[in-house]
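Each structure below is given as structure tokens.
In the two complexes below, chain A is the common chain; its partner is chain B in one and chain C in the other.
For the complex of A and B:
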């Protein structure tokens, strides 16, 4: 059925209104405020580039670079762990599939904060991991760098965002045309050749979507680095939160947030490009 | 982890006593008494969690002063929320002394009438004359509580502690928590360097402090921002010494941990807090009554018993047993080295320096 021009307007109105009110308008406000300044806890509407000049200093650029490095590591680890899980679920598991999918989604039912806290109990000096390692005699002293370290932040972020990688890859692999795999086998290709030349390239849209869904929140994460990061892990999300919540530097905070968004946008466009599979449009 | 430690970590739910109080308010109080209550409107108090303590709120009710509390975790958050429309929601706030001028300049609070606060006469003179409370010569209030940010330590692990050097060097490496707060952290660095006024630092001094605070990073297990997080770190023994606020101590002590509190000999960072009236409120008289109540001996006593914080009322101290006075987080013998907080003139620069330290 063709939807006429007249009937599509009422269908799209709520979405457009929602998008305009809660996305476009706040972003526009942030763009404007990022060129203002703050004096005596008041926003002064003027036009200044000082906020952007300030964030172009090596200090903030290095924090952004470190944030992107951590987000990249998290994304790669999520992909390395998540892909085999998704593959197994889609290609091998039949009966328990719903059950395992539920297990994967289950952690999302608890708060993000709770999951970060849970890692404190696992990774702490008197935590479960150290208790286990000492129990089996791998170490005598508790390992201290498990918690309050980059390691802790990466572990927690991979755990928190892993389902967002598994699900889209699973969706793609589940729809994979089995005739292609059979044809490959018929033509004499071994399982690895079939995987590298058929399965993996065809799962690219799922991988790129998964990477996006992991990278974007990881780059903007705030709670996990604050709770688990320790003295040497400063991610840009914390710096932005500080500008708004603690020091009332709304203008500079807006400039920082917009810069982060632009950086993420560039990465996202790159990932989407990789995800486009020719002939699959 | 023992059950006791878990109890420290668990969020405080509604206690039996509070439930009983609520039930009482709903029905058990005699009718005539209730109608007397209803003449006084409920006041909205925007405050730190410490002063929203249920025992303190209950003590107010006994005086016919019913408050509904909303909580903030710091002075900047308070200002930001008042700016964001909070002036319509709250009747009174509890500013840190350095923020009275900030709030007054931003048109968020209005002066009080000292004549309506007879308990003023009992407040220790030193606190009625702090210039921070009367910017522009107008009386915006008087502190009901004072104290210092200083050091908390787990005695069983550290033994006696007297100097803030332990935060910077020596045996506790990797078991220390510095406060993630530009004002406190930079001022502590300045105290360590022996700078006379740790809140008045030029660029050269700031750079020296920065160097020392980067060095201090190696001592840290982590930084803390939220006092509940620091409490957890002490309970889990991740941390045994911290630059802290006093509110970390009482809950841990109540759960059997020997957490102690000291103003280090190099100096501590003093503060005072009191009631201020939010601008444009309709309940001015009642706010003055509440402000007067906070400087009463009764309030000072319940404050000390419930939170270990010290009242500014000399009469309140007289009511306390000697051993409780010792437990309060004040050390009058070290007043000479107490540096009362000042708002740094170049605060944005302080924030930036602190970001540089954390990113280093």
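For the complex of A and C:
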């Protein structure tokens, strides 16, 4: 029996109310505020475009560009590292798969902040990595660019968001009909051809979801770049936080936040497009 | 062999011909489960061979081994004299049609069919021509640009066939290809498959658990039981001259008289049963052997309405137990002396049909040509295979 269209409305009411109150309303408020002015730390409801004009300054343009570049690199690395893991888990592992899946999900149980701090201990000048490299004699003095650099931010973000890529790809590959692979082999394809022509195209929905789940939080990340990036690696999340928390530029902060949202939305739509495979229901 | 009542074709003479597929003492286990146990078979070129048996009898495993998708634990499978494992993926002379069709969902019909040709590095123009011709042949030219999910089950089945056939295999392996289709469509596809096999002159190895499909389509039926070959031969031989009770019951209904062989003479034997002496057709048997005399429903004749007629040879008196009207015919169950049960079908338009009333006594004739002896063994595990 199917639940009728009308009877589902009361069930959805709490979700709609929650969503409207805590998502749609604040966003609408931000849109309005982003066209206002701030005078003497107070919002003045006068229509202006200055907040958006300010975004075009080289300083902010470079921060926006860096944010999207870092998020893109993190997403690509997570995909390159995560795909083989998901493939191995889904196609090869039988008995240990629950165990390994648990290992992959386990870091998510610890705080995001703790994991960022942990990377400081690993990457610092007296950190584990430098200690190891000096120990085996690769360098004489500690490598300085490990920490407070784009490198540190990227390493930490890949580590933090990797499970979000692995899980959706695993879900898709796990459901992949192995008879399709046999049919491909039967028709004369080698393992690599089968991978490129069958497995990879059919895992596109998972890859697309995985990339979305990595890209969105990576582009909006705040804690990791603050802790690991240092003052030179400023990402848009930190700037937004400063506008609201330090300088009380609510109007400009709103404009920045909305710009970030629009940018993420465009990337997300592109990723969703990649995830749509014609012929799949 | 004995040709009975003119309806039975000569026995399959596989062994005399050049065999295309030679299966030699093949074994295959999955863990503790033995899927294939010492199977040897020779399958002739251009034949429609059916592997018939219930689920779990090993028929699909055997098919997959012929196709190189599984490797035997021991023994060998050769196609045209070459071990299956020695072929490169492109040279392998077999192609498989999977039960669920296994069409690539993200490719159009056209691209699915072109897949095998592309692997053979054929020029695009040539691929185009061949794909178009193959789709024309299966009647799907208009669906070339459709995706498999947009097609009906029967159409998907045709695409699967086209995809396999376009690469010109010598052997087509079909794993219950019609199982997912409804009855009407299945019957139409059966006819199409048969004519396709004839016109393309390809050897078909066809796996099914449906005995009607097996008997109707094949030149040779291989009945399998628990990983072994219970019997192989022409459909009529399997049906009328089963090697054992398992085969007899799997391919159709039988009535059974238990008895003992008294004497034998050129392909016939006289047996003593609780219902009297009967003459039956028989494989070589010795006097004193315990046997089952079996008869198919359509072999039983009604000698006289009323059970008091003179009892001639091979007759017995029985009373009608139940009569089930089935449209074209009536299925009638009789109870004879010593609680013997005899099943027969009578055309519903036949004059005798009127006399079939439960409780009515009737004289039945079990013609010697239709009565066949099989060894008496309740569990026919140690069934012999007839090569």
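In this section, the second predicted complex is superposed on the first by the 280 of 281 C-alpha atoms of A that agree within 3 Å, B and C clash if a C-alpha of one lies under 4 Å from a C-alpha of the other, contacts with A are read in each partner's own complex, and residues count from 1 in each chain.
The working rule: contacts are C-beta pairs under 8 Å (C-beta built on N, C-alpha and C of every residue); 3 or more make two chains touch, one makes a residue touch a chain.
Keep in mind that what you see is a predicted model, and the values were worked out from it rather than measured.
With chain A as the common reference, the superposed partners chain B and chain C fit together side by side. In the overlay built on the shared chain, the residue A:14 is in contact with neither chain B nor chain C. In the superposed model, A:45 makes contact with neither chain B nor chain C.
Using the contact criterion defined above for the overlaid structures, shared-chain residue A:137 touches neither chain B nor chain C, since it reaches no partner. Touch criterion met: A:201 reaches chain C, while chain B stays clear of it.
By the touch criterion defined above, A:239 lies against chain B but remains apart from chain C after alignment on the C-alpha atoms of chain A. When the shared chain is aligned, chain C comes close enough to touch A:177, but chain B does not. Which of chain B and chain C touches more residues of chain A: that partner is B. Annotation: superposed on chain A, chain B and chain C show a minimal Cα-Cα gap of 46 Å. If you check the complex, the residues on chain A that touch chain C are 177, 179-180, 182-190, 193, 197-198, 201-202, 277-281. The part of chain B that touches chain A in the complex is made up of residues 1, 74, 76-77, 79-80, 83, 102, 105-106, 174, 178, 182, 217, 220-223, 225, 229, 232, 236-238, 347-348, 351-352, 355-356, 358-359. Those residues of chain C whose C-beta lies close enough to touch chain A in the complex are 67, 69, 89-90, 92, 94-96, 98, 100, 102-108, 115-116, 119-120, 147-149, 163-164, 167.
On chain A, the positions that touch chain B within their shared complex are 40-42, 59, 62-63, 66, 120, 124-126, 144, 147-148, 226-227, 229-232, 234, 239, 242, 244-249.
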